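In the two complexes that follow, subunit A is the common piece, with subunit B as its partner first and subunit C second.
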Partner chain A sequence: MSNARSTSIMGRESGDRVVLLLVIALALVMVAPVLWVIGLSLKHNAELMANTNSVFYPPYTITNYINILGTSSVFRWILNSLIVSGGLTIFTLVLASLAGYGFARLNFPGRDILFIIVLLGLAVPEQAVLIARHQIFGMLKLHNSYQGLILPGLSAPFGVFLMTQYFRAIPKELDEAALLDNASRFTIFWKVLLPLTVPAQATLGIFTFLWSWNDYLWPLISGTKKEMFTLTVGMASTQTNFAQSEGLGFLMAQAVFAGAPILILYLFFQKYIVTAVSGAAVR
Partner chain B sequence: MTAHIEIKDVVKRFGAATVIDHLSLSIDPNEFMVFLGPSGCGKSTLLRMIAGLESVDEGTISINGARIDNLPPGKRDIAMVFQSYALYPHMTVADNMAFGLRNIGVAADIISARVAEAGRMLEIGHLLERKPGQLSGGQRQRVAIGRAIVKEPKAFLFDEPLSNLDAALRVRTRVELAQLRHRVKSTMIFVTHDQIEAMTLADRIVVMNNRKIEQIGTPMEIYSRPATRFVATFVGSPTMNFVPVRVAGGETGGATVILGDGTHVKTAIPTMKLKAGNFTLGIRAEAVRVAIDGQGVTSGTVDVLERLGDRTLIYTKLKDGSVVVAEDIGYSRVAVNDTVSLSIDGSRVHLFDASDRAWHCEEGLDG
Partner chain C sequence: MVEAVVSSREEFSSSLAGHKAPPANVNAAQWRNALFVAPYLFFFVTMLVFPLVWGIWLSFHKADTFGVGKFVGLANYARLFGDRIFLLSVGNTFYFVLLTVPALALLGLFLALALNRQTRTAAFFRAAYFSSSVLSVTIVTLIWRIVFVPDFGFLATVYGWFDTKAPAFLSDPNLAMIGIAIATIWWCLGLPMMLFLSALQQVPAEIYEAAALDNANRWQTFRSITLPSIKRTFILVVLIQVVLQFQLFGQARLMTQGGPNNASKPIVLYIYDVAFKRWDLGLGAAASEILFILILIAAMAQYFLTRNRGEN
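Up next, the complex of A and B:
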């Protein structure tokens, strides 16, 4: 009996070790390209032109980063990305929360039909509406503006769906207790229910920010002037025909620079991101 | 401040279904009224109508003569304790209690004083800075009561507040509630499906069934003079025994009933208004005793014994097949399959006619 148990524990331990090794191997596969990019960014372009294996030995330099700070428009693009992603995230959270509360708690004619229409938005690919949207934004003179970059992202059916489901999961007794506590509808929304949706807000906010930060297609179409490029579009614009051979170190430094804000975001919101991603996986 | 609550002819419908059907009721100031009934009888709906959480389709609800059924819940001067407690999870205990007062602009020092007083009264003063998630079920329950108390309302509504507690805590909290009601002078309405809660807490009980009131009365009235067979069945443990009987006519004084096995039982139920014919005899277990030396009026075979410590319940099958639960002492010597002689206390029986109307004994008549 005890032998069987110790065998089973040993079996489990060796199984855990195999899993651990697999996880380490996978982590190395994931992190290797990042380390490669950082390594390349710390080498002179000329040296890399001769042989990229020079990344494994000195000399290393921060010239590429100094060149970014001195000559590139990357700061402007980062600012644009921050404004667009930040603005989009804030407005999405506000709209999705209000809509979610409305769909979950208010009774109004056509509510269920309207909710279905919103959900249908999940099935419409961006490419299908791209040309029409481009024309409408052109007529409204919204191209090359922050509004033009932010507005399309505000139609966020996933956000509305997520918040609706979250509000629905909050017991209605809380609303009722607050009603008896003389709270107005807005007070109930603002002081009782909204604070309880922070986990959902964090999930939605993180996903929205990351999606917007990495978005390429619409900013490429709408922001045609260099000063209105977001980081993704700006980075792509620097990749001339010979950039990958003649300016590889500089290019990699730009990539590191572009990824830094996301890294910082991750460090701050690590807990929420892990929860959000694992939650999404379970769902 | 206390409330005289008057409910007049109220109706509540959910779509085509009528859940409260022309119900009227008056609750006196400072009274502890319990709405008792099975699930789906409409008792919680009625409570929620008083609270303003459900609309009133017909009829009126008034407090101290002023109609409140057209007022929003927050304007009715009523506090409610929910079954799930409905504490705000992100607020501390103190904030939970203060929330309602802040919404009506009560001064901060008054709020602090009331919260501290409620905390002291309910012995949760040391928990004021904790959040509900850090509290046990019993502590949450006290906070929910505290949230109601600080508002100093005209009436308290309790919607099955003990049902989420374990058995031991429920008994303790029940006793504490009974003590609390004497300290907090206010009208209280308590909804439950637990007859023990109803019997132990209530000044009066409203027994509800199938959207209507079956009986309103003090706990002992409900227990000893149930108005209908439903009330007799629902209140009391074990459930009242029901035995088909025939009432012999042409008597004066107490009626004699004839059991299925031919046994005659003299009761204290006046015969004046009774017509001879078939009835159902209702007898509580404590009115049926095991008779020593075969002196009982009938006999039966013991099917099951339930030893409860202080008494023993004996499930006995009579000769005609009907089952009667009798009561004996804790150390009863009766065993399963024994044939026992049973005495029936004719002064503590009830008769129910075909329409379930009840007939009770009167003092002074021989049973």
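Up next, the complex of A and C:
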């Protein structure tokens, strides 16, 4: 073992080759399940019932994808997800920018202790507030509504934390120069500082959108009516027992169809998404 | 008194800024300034602080769909620790964390080391390994159920080529958690890799050049330069993943429904079943508080272990 390791490290070439082979092998393990699903989605249901091995040879078909257009609730769910994730993202950006500016730049009684309390909120997992939230929303008749799906996410402290850090990093001379010109606090925020925070807005916006799009727990217990399902919950509701499923190909086509938008988004905004997700994790 | 607080605050902020303070009236503590944080604080208090307190309060009461009943003290907690299924779900959750976190940290580190170079191939693989992380739990479980499903799944097909039978990952009580762990590692591997990559890129290149001048071989360089400089990130990655994986829910609910025979039921699924299927809200709230304490311990460890080292 140690012998093999030392030779592969001493000889750079062969060492590199072993590492590369491992990376490729692992990548195949990563990709194979996805290819399998895409393959199944391109086959007739009847053919799959007989034998899934048929996925390795033609004929292929796009019937399953065409069927999505007519018979599936997927579009309603995508619309719901767009409204919920889009709404949450916009409101989060507004709230977090205002609060970030307030905490970073302005002085008001109890500011520092309030900021610490908000930071402590980062340690509260969703599960610890889930049951009480569900009760409150029940009393306010907010279940099965877009407000009900959006509001809980607005309390997440991460955005405020991120924006506060970002505002603090902007030189104070900018504010002071504007103050000498008799600009109001809001004007300074809106005209001078906010345009400088665009990178942070992008990071926070992408993270919030992605998180909300993929959220499963709250939408599952709050949006219980089929027409209020988000895409994530709706897709989960269609997953019945495969063994009895005659629509295997159709189910797989739905999965590909539901996963594709976010993967395409990832292709275009890869850099931002990676920064957003890793930034949120480190906090 | 108020003036003293205000002036000390001014000193504090001006010493932070490192230059002379602007006119006193500008930086004075004013209630008006709190308007900027008020909208967020409204949601913070109503959607987070209040439910948190209510949840703790609920856990000491008898509560169901008909409303909150009388104060029962620690009875819910006593019931919880008398419930074999709850204890099983705690054990399952720890087992799951043990299955996933070391694998995620080590695989992530391996990939980061292998892909930390400026080539197109490396960039391609980095993007590919991270891509699964953007999918929702629903898509991930759908993919892996169709891999694991007996007779016509992907695994069964591959095993079929060698005329053997694939292990029944989701229906064997001893394998169910492992099946969920495999799907989870596949889903979550991107983040540890990226965190390690950004840590590796912060190691100054001069150190490696110096090591090369000293004729250090790869293993020596790795052990005496790379490893010490990513130690903090390693702790960070492990603790982030502990917190994340403690909250296992969707994969278990969608892949095995916690079965067979509760063998793969994690704490959050227990909470979900108790609170939203049986509507035993007091018991569910008590279980949530236990989970909260467990996660808090990991979060505190993250804070203290990673911050302290950063200052030294």
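Operating definition for what follows: the second predicted complex is superposed on the first by the 230 of 283 C-alpha atoms of A that agree within 3 Å, B and C clash if a C-alpha of one lies under 4 Å from a C-alpha of the other, contacts with A are read in each partner's own complex, and residues count from 1 in each chain.
The working rule: a residue touches a chain if its C-beta (ideal position, glycine included) is under 8 Å from a C-beta of that chain, and two chains touch if they have at least 3 such contacts.
All values derive from a computational prediction rather than experimental measurement.
If we overlay the two complexes on their shared chain A, which of subunit B and subunit C does A:Gly148 touch? Say first, second, both or neither.
neither
Applying the touch criterion given at the start, work out whether A:Gly87 contacts subunit B, subunit C, both or neither, answering first, second, both or neither.
After superposing on A, A:Gly87 lies clear of both subunit B and subunit C.
Looking at the overlay, what does A:Val118 touch: subunit B (first), subunit C (second), both, or neither?
A:Val118: touches subunit C, not subunit B.
Check whether A:Gly249 is in contact with subunit B, with subunit C, with both or with neither, and answer first, second, both or neither.
neither
Taking the superposition on A as described, I'd like to know which of subunit B and subunit C A:Ala178 touches: first, second, both or neither.
After superposing on A, A:Ala178 lies in contact with subunit B but is clear of subunit C.
What is the contact status of A:Leu130 with respect to subunit B (first) and subunit C (second): first, second, both, or neither?
So A:Leu130 only meets subunit C here.
By residue count, is subunit A touched more by subunit B or by subunit C?
C
Please work out whether A:Thr187 is in contact with subunit B alone, subunit C alone, both, or neither, and reply first, second, both or neither.
first
Do any residues of subunit A touch both subunit B and subunit C, and if so, which are they?
176, 179
Write out the stretch or stretches of subunit C touching subunit A in their complex.
Against subunit A, subunit C makes touches at 6, 9-10, 13, 17, 22, 26-37, 39-41, 43-44, 46-52, 54-55, 58, 107, 110-111, 114-115, 125, 127-139, 141-147, 149-154, 157, 160, 186, 189-191, 194-195, 198, 217-219, 236, 240, 243, 247, 249-250, 254, 268, 271-272, 275-276, 281, 284-285, 288-289, 291-292, 295-296, 299-300.
Which stretch or stretches of subunit A touch subunit C in the complex?
So the residues of subunit A touching subunit C come out as 5-6, 9-10, 12, 15, 19-20, 22-23, 26-27, 29-34, 36-37, 40, 48, 51-53, 94-96, 98-99, 101-103, 106-109, 111, 114, 118, 121-136, 151-152, 154-155, 157, 160, 172, 176, 179, 185, 189, 210, 213-214, 216-217, 221, 231-233, 235-236, 239, 242-243, 248, 251-252, 255, 258-259, 262-263, 265-266, 270, 273-274, 277-278, 281-282.
Which subunit A residues qualify as touching subunit B in the complex?
171, 173-174, 176-183, 187, 191-192, 195-196
For subunit B, which residues count as touching subunit A in their complex?
51-53, 72-75, 78-80, 82-84, 86-90, 99-100, 103-104, 147, 151
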